[in-house]
Amino acid sequence: MQQTMFIRFISTGGTIDKIYFDEMSNFEVGDSQVRHILTDGRVSFDYDVISLFRKDSLEMTADDRERLRAYVEQDDARYYVITHGTDTMTETAAALRPIKDKAIVLTGALSPARFKSTDAVFNVGMAVAAVQVVSPGIYIAMNGQVFAEGEVAKNREQNRFERSSSG
Amino acid sequence: MQQTMFIRFISTGGTIDKIYFDEMSNFEVGDSQVRHILTDGRVSFDYDVISLFRKDSLEMTADDRERLRAYVEQDDARYYVITHGTDTMTETAAALRPIKDKAIVLTGALSPARFKSTDAVFNVGMAVAAVQVVSPGIYIAMNGQVFAEGEVAKNREQNRFERSSSG
Amino acid sequence: MQQTMFIRFISTGGTIDKIYFDEMSNFEVGDSQVRHILTDGRVSFDYDVISLFRKDSLEMTADDRERLRAYVEQDDARYYVITHGTDTMTETAAALRPIKDKAIVLTGALSPARFKSTDAVFNVGMAVAAVQVVSPGIYIAMNGQVFAEGEVAKNREQNRFERSSSG
Amino acid sequence: MQQTMFIRFISTGGTIDKIYFDEMSNFEVGDSQVRHILTDGRVSFDYDVISLFRKDSLEMTADDRERLRAYVEQDDARYYVITHGTDTMTETAAALRPIKDKAIVLTGALSPARFKSTDAVFNVGMAVAAVQVVSPGIYIAMNGQVFAEGEVAKNREQNRFERSSSG
């Protein structure tokens, strides 16, 4: 007897969901692009997508992170993919450290999912594969790599995630 | 001291690389789309892409599979992502079973990478994440799932990969 | 008092609407892509899209062309954009010659609209602009040019439309 | 003996060429997307693309418009397609009014050409068709319509171009 895998997707905002409004000539965080990505990816597992925030990650507060941690902790899924802005992704990952016995992968994008050239689809694909294969714990999937939480930092000059020496 | 991860990509043909020629009103296998996908994915690991075949997977022969197995066995990389047509992907995976101490993930696409709506980018993202996280062995990443070789079959009516009961 | 412009779009099949089915590893003519193109184009005129055929243009018969001509002649619009396969587009244009007092632009695509790289959107944009600016008559909009019917031929080796000397 | 049509494309900036930089979480005008659009459109006429400005159209000054007008007036082409921001496109069109015996079509985009969903390709297709069919004069091609200069205004609330009553 087989069980179908279930993944809970939580969107929190960030570049991955950014949209451009001509009227204001600026960007805002739009609705989550994860469903479109999973549809194109023809995934056959069960999933749900909930939107907790629609924020630039620089606007994420300690309260937001606590709310996210509490949400995951009380929820009954085993696998989580969290889409998040890149600037504070590692801080949010650290805030989730107390959670036990769940596999949680954070990902996002350096170029919005609504662009023709974007890393969003590739990154969500990575997160989906990683979350079902890793041991329980907190991970970040960006720039083609799966990092354990605490062993990764965003190099802002290079605009990419790298293994950190203090890991 | 850190080492940069290296992944060897091997393209063998299949729907992922299909192209349409108006002159003949039919499809042919074009050049590998993996480099474009990795560029959009902004990967920061080292990699190489070699093209061993440009075939529909229904045209892959036992000799082709033996050639692929021999190539991987003599090669010095640890991580392999092989793009392959979906119809005989599980047969090629089985043919690679003798290879030890390497992580090998086969993937492909149900809709060509050159289409606006394609699973190719998502699938290569999955394969890249899986190959660096799994234990050595042969795997298939399709339809949002990472299957161990021998536990998966293509359901042709549903046009998707499923965990097989005989696994 | 202003009237809103109305354009009748008629799809007949051809490469522009081609879709790829993995199950059969071949192409078929899918549903018309014109509505998607007009939505992305943010057009503000009134329009309707009807599908008369779903054929490769090599399969279009004299009866099909007569049916198309009769449809347009009895219809009450002034502006028509007809999407058509490229191989016999000029023959269908010639068959519409008896129609008076209407502007009719035929267009299509050398690469399917469902591809990332396609001329379909550009060509429909050309046809929409041409149909509202030209004098009544039959025209073909392809390869960046608006040709009068009778002055254009498809160069099959170059896979493009050219002004014909016998025009 | 046939002459090949020649179109001079002039890019001045605007939403059509906008690009998103994650580092700063804001938009800037990038390089002209016209060549990519014409390549995908498989155009067979001769053309050249020059970049005069890279500005939001709200930043265009009277001096900029005078420079543009002078450039076109002294240049020897007959057909011009000018890509421009939408907010002051009609003002720039008005500034070109003194130019005689040339067909000039201004166009742009409400959604950047680098987005998956954009009107840029459709609009450039419209401008290319219009410029070769219209009588000499100044025109704006937006929202599926070809407007004569002086008969069009941008409706900012609806974010689209409309025929103006004062035209």
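Order of writing sets the labels: A, B, C and D. Residues in every chain begin at 1.
Convention: a contact is a pair of C-beta atoms (placed from the backbone, for glycine too) under 8 Å apart; a residue touches a chain by one contact, two chains touch by 3 or more.
Computed from a predicted model, the values in this text were never measured in an experiment.
Student: By that same contact rule, can you tell me which chains touch chain C and chain D alike?
Tutor: The common neighbours do not exist; no chain touches both.
Student: Counting shared numbers against all numbers at the contact of chain A and chain D, is it over half, same, or under half, different?
Tutor: Same; most numbers are used by both chain A and chain D.
Student: Could you give the separation in Å between the centres of chain A and chain D, each centre being the mean of its C-alpha atoms?
Tutor: Computed value for the inter-centroid distance: 39 Å.
Student: With chain centres taken as the means of their Cα atoms, state the distance from chain A to chain C in Å.
Tutor: 44
Student: Mind pulling the chain B residues that touch 2 or more other chains?
Tutor: 110-111, 116-117 - these are the residues of chain B that touch more than one other chain.
Student: Testing understanding: with touching defined as stated, what is the shape of the graph linking the protein chains, line, ring, star, complete or other?
Tutor: Its topology is that of a ring.
Student: Which chains are in touch, pair by pair?
Tutor: A-B, A-D, B-C, C-D
Student: Inside the complex, what are the residues of chain C that reach chain B?
Tutor: 15, 18, 20, 22-23, 25-27, 56, 58, 86, 110-112, 114-117, 156, 159
Student: Which residues of chain C touch chain D in their complex?
Tutor: Against chain D, chain C makes touches at 2, 5, 37-38, 40-45, 110-111, 117-119, 121-130, 132-134, 141, 143-146, 160-163, 165.
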